[in-house]
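One chain, chain A, links the two complexes that follow: it is found with chain B in the first and with chain C in the second.
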Partner chain A sequence: MENAVQDMKKAHKIIAEFTYEKGQVDRGYTNRTLYVDLSNNRVESRPVTEDMKEKFIGGRGFGLWLLWNGVKDETKWNDPENEVVISAGPIAGITTYPGSGKSLVVTLSPLTNVPVDSNVGGYFGPLLKFAGWDAIEVQGKAKSEVVVFIDGKEGKVTIEEAPEEAINSHILGEQLTEIYADNEEDKRSISVVSAGEGAGHTLLGCLNFSFYDVNRKYVRYKQAGRGGIGTVFRDKKVKAIVVKYPNVKGDSNHPADWKKVADTGVRLHKEIHTYDQHQCKMRTTGTPYLVSIMNDYDLLPVKNFKYGSSPDAMKLAGTVWTPRYRLGKHDGCWYGCTLMCCKTVDDFELKTGPYKGDKVAIDGPEYETIGGVATNCNIFDPDYTLECNFYCDTYGIDTISFGTMLGFLMECWEAGVLDKEKTGGLELTWGNVDAAMELLHQMGAGYGFGKLAGLGIRKLKKHFVEHFGADEHFLNDIGMEAKGLEYSEYVSKESLAQQGGYGLTNKGPQHDEAWLIFMDMVNNQLPTFEDKAEALHYFPMFRTWFGLNGLCKLPWNDIQPGDNKTTDEPHKVPEHVQNYVDLFNGVTGRSINKEDILTMSEGVYNFQRVFNLRMGYGTRKHDAIPYRSMGPVTVEEYESRADRYDRQLKEILGIADPSSKTTEEKISLLRKHREQQYELLIDAVYKRRGWTSDGVPTMETLKRLGIDYPDVVRIVEKHIG
Partner chain B sequence: MKVLRFNKDVCSVCGECEKACASLYFKDESREKAALRVDMSSDSKDEPVMKACIQCGECIPICPVGALYRAKNGTVLIKKKICVGCMACVGFCPHSVMYYHADSIEPVKCISCGACVKACPADALRLEEEQVPAEV
Partner chain C sequence: MGNVMITVNGRPFECEESLSVEELLGRCSFTYPLIVVRLNGKSVAQEDFSRVMIQDGDKVECIHLVAGG
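And then the complex of A and B:
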């Protein structure tokens, strides 16, 4: 590898160079952002204003603000004006508190045409900050494949033509880490952001953010999965963005009160040490612990979200994965994460595709990957799950969008919408592992049916109606997408709160914003519309805050203090909310309280809603969801849970004898009721959020949150009139 | 390897051991900077208790950067240059004897140097030769 890598480095041609004063982080901020214009090979420094910090905080907030100022009303995802913005946030970069190294990536999504923000681990965001920058904006398009290199050791940013390196991440990450590190010990100073060939051939592209594992001695990758950010990245002909910053220390973030930050971290480390093995077992299992729980509660997607469980689900449960992991080594995706949910399976021999026969290390699988590419497609094979996970990652394809899209294709096959002639020979039957992998390789390389599949569900539906004579209503019912983005892997059918949790989001049906299923269905804590609306205000706002500060949400509620159950609001995990207040104040020197967390988030969240309006979306009609996410579409779905649904017809709709009706009639009655319920929920939620009945933030709300900038008002006034 | 051990029967909790440790490493007598702590027992027994690292090595695999290692003489040491101050070792120490304080990004642990043994007026402390435990 070494000689080949040195030749690749020699083939680099520097086409822009920018030197800067290295400076020092001041209480979580560098107070400047880096702007890179690939069309004109220009790099510049831009100041961070006090207003930016006050209203947008950092991370997703900075990303949205910078993107807003970079694009025009008419900008499309593949126009040069679109930007990929990466920012960590003021708390990110501390080393004592688990989950404090996240980066937030923002761009105009190829799937939804509105901004998407994605939360990702790996070292990039914190190292970027220590190298001197609160955020990086990449705008324009390069003429040939480039690497943008931020050298925090020398104080230099270069745009370099990089013709020889791979595009697929598992090779590119190793190559670039080797090229830019001084030696083996220095490799942990490097983080690479890359996509993959599949991101260039589909709209489902994700980004990979690397970190060097000093124990295992190889590069590992976390994903900014949702919304097609990797597609934008490849459209700009960026091979990778690389940052280098050596000698990270516990006070590199220069917190106002390091001791407070350390005390808070030690408290959580002790809690994880004592309780993780009795709670979620994250340290040994990772997020797959969720598979058996979701299956037990009928929430695990099976056969395109038709069902919530399967007798085969335990073949992919957490207990199956733990023996396959290489345990005993530290696993966190940033220093100090003792919850360490990202596990590795090492020495896995690939059975298909361009790397067949290679033995690779695979990060994952996450619960979502299992739910999407496996159970949702009625596949229960762990080896397939690992191989699919690996190829999605290296190709730069989002496992969630891939899995949800594939489930849709398989149901289309079952319903006779697709056949071998239409799919070019792929038999997309439930459970067909070979066809699934073949489709993924087609998407990775951009040929065959894979080219069509890579467009995502919304465009697939259109194509099937226009060219294959498919029934539009049926496809709209079963195509699990909203706003153009594929659903993530929880069955929301029986939880009105979670239907809202997916439908009433800014960026599409992902689980960053709200995860209310347990609260609603298991603990019955949200009985009224007002309760649901309150939860659909509190939790999206609370969860948004993590994206403003560069934090991971898992240490908030996938580990809980021993006495959490005795508190007033155990589902909020109040001691941890206080931890976050302490961390923010400890880093920034400010004095916020728990309520301020919500206000800070509300400002950014409402700004994002207005951004959606600006791009031509963002009103009530765009918060519609497919009926499969609300209730049974087909006869077999209804009849598989007939007791439950018949009981609801009796108790809620007053139908004394459901057996007197056909299943089709019962489906129709239930559907009318559930669709009405969703509309009533929307009314309650909009009211709680301070929006009009069309979902537009009112002027009063904008003023209250201090985001009544002239451009924001201009957009909102058009809709409020 | 040498491990710090304690004779509770002769200790008067005078604090000279803690002062000696903190002074040696931090030029400061504050007991919070010492790598050993001597207090009256927190349970009903009316006797002093000494807490200091016993070189068990359970912290070594916890460290994300490999800053903790067992020296040739068996003592567990911290490579301060590499340490990123994450405090995972502090949180996971089974005996809660990895300490930290505001003036040191790296944690503080007993390395069996013997300064406290010399400083103790009552001979309550000694360094005992013990077997290096198996690798965790």
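And then the complex of A and C:
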């Protein structure tokens, strides 16, 4: 490989070069961002203002602010002025607190046409900061395939034509790590951001963020999955962005109070060591521990979210995966993460596709991948799940959108919307792993029915109605997308709060804003609309804060202190909330309290809502959700849980004898009720968030949060007169 | 012996006989590892789940300590 790689390196042609003073991180910030214009081969340094730090904090906040200033009101995802912005946040890069190496990526999404934010592990964000930059902002379009290289060792940024490397990530990551590392030991200094061929051929593109595993001696990847960011990346003809920074140290983030940061981490490490084995078993199982639990609570998507469980689910449970992992000394996606949820399966021999016969390492599968590409398609085959996971990643296709979209297609096949003639021969029946893999390979290479499927559910619905004569109402009911983004993998039918947790999001139905199903459906802790609205204020704001700071959500509540259950609000994990306050203050030298966490997030969250308005979206009608996420659409779906639904008709709607009605009549009655409930929920949530009844942040809200900038006010005034 | 009526998380729950906390969790398929059980407002330690019996009219709270997927 070494000779071939050296030939690739020789073929690089530097088309722009920018040198800079390396500088030093100060209290979590470098106080400058890196701007790269691919259309004009221009690279420049831009200052980070105190107002930026105060209002937007970092990470997702910086991404949204830079993107806002980079685009126009009418910018589309594939216009040159759209940007891909990557930023980690002030806490990111510390090595003493688990889950502190996240990057946040922001762009205008090809699926939703509004800003999408996606969080991802891997070393890129922290190394970018230590190399001298709080964010990288990539704008314009290159004329030929390029690599952007940020050399934090030499203080140099280059845009390089890179004609010979592969595009698919599992090869490209290895090639570029080899090219830019000085030697084997230096490979840990490299992180590569790449997409893949599928990202360029579909709208479901994700980004792969690499880190070099020094024990296993290969490159591993985490994904910024949601919203088609990889598609934008490939549209700009970026093959990769590479950062190099050697000599990461425990204090590279230069916190204001090192001892406070270190002490906070020590407490959590002890908790993990003591309790993880009795709680979520992240260290041995990772997120697949959720498969059997979601199945037990009827929340695991099966057959395009028709059902929440399957007798076959245990074939994909956590206990199946643990023996297949090669558990290592370091399974964190950034230094110092003792929760170590990212697992790897080694020496997996591929059975299909362009790499058939190759033995590869696969990062994952995560719960969301299993729920999407497998159970949601009525597939319960671990080998298929791994193969599909691998190809999605290397092609740069989001496993969540792929899985949810594939489930939709399989139901369309079942309903007669699709047949072999329309799919070019693919038999998209439930459980057909061969058809699933063939579709994925078509998407990766951009041909056949796969090219159409790569448009995502929203555009597929339109196509099937216009070209195949499909019933529009039926497709709108079963197509699990909102705002154009495919749902993540939880059945929300029996939790009104979680229906809001998906529908009342800024970017679309991803559960990283709020996951309220247990509090609502199981614990019955949110009986009133006001209770639900309060939860749909608190949790989205609290969780937004992770993305402002470069933090992972898992160490918040997938590990809990032994005495958490005795606290007043155990669902908030108060000790860990205090940890975050201490970390932020310890790093930045500021003095915030736990209430400030919410206010900081509120500013960014409301700014993002206004950004949606600016792009022509962001009002009440855009918070609509498919009925499949609220209740049973089909007769078989109702009858599969008839006891539950009949009981609800009796107890909630006062229908004395549901058996006197046909199933269709019962579906209709239940639907009318549930849709009304959702509208009432929207009213309550908008009120709690300080928005009008159309979902527009009021002027008072903007002023309270200090985001009443002239451009922001201009947008809001158009909507509230 | 008649059926036992209790409430679980504020909802009526009927069973044929008294159940232990452990049996109740099994009956409800409450398999999530982070659950706090309160019987008539008093916490039940996890090591007592198999020993503590639930009686007719009892109020049981099975609080799943999670707010995030």
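Please note the rule applied: the second predicted complex is superposed on the first by the 720 of 721 C-alpha atoms of A that agree within 3 Å, B and C clash if a C-alpha of one lies under 4 Å from a C-alpha of the other, contacts with A are read in each partner's own complex, and residues count from 1 in each chain.
FYI, contacts are C-beta pairs under 8 Å (C-beta built on N, C-alpha and C of every residue); 3 or more make two chains touch, one makes a residue touch a chain.
Everything quoted here is computed from the prediction, not taken from an experiment.
For chain A, the partner with contacts to more residues, out of chain B and chain C, is C.
With both structures placed on the common chain, the touch criterion links A:Tyr490 to chain C but leaves chain B unconnected. Judged by the touch definition given at the top, the superposed model places A:His571 against chain C, while chain B stays out of reach. Once the two complexes are laid over each other on the shared chain, residue contacts for A:Thr338 go to chain B alone; chain C is not touched. When both complexes are overlaid on chain A, the residue A:Gln24 reaches neither chain B nor chain C. Contacts of A:Trp556 after superposition: chain C is touched, whereas chain B is not reached. In the superposition on chain A, A:Gln279 makes contact with chain C only, while chain B stays out of contact range.
Once the two complexes are overlaid on the shared chain, A:Asn524 sits against chain C while remaining clear of chain B.
In the overlay built on the shared chain, the residue A:His511 is in contact with chain C alone; chain B does not reach it.
Residues 278-280, 290, 292-293, 296-297, 488, 490, 511, 514-519, 522-525, 527, 535, 539, 543, 553, 556-558, 560, 564-566, 570-573 of chain A are the ones that touch chain C when the two sit in their complex.
For chain C in complex with chain A, the touching residues are 9-11, 29-34, 36, 43, 61-69.
Remark: chain A residues 95-96, 188, 214-215, 248-251, 258-259, 262, 265-266, 268-270, 272-273, 328-330, 332, 335-336, 338 touch chain B in the complex. Residues 61-66, 83-88, 90-92, 100-102, 105-106 of chain B are the ones touching chain A in the complex.
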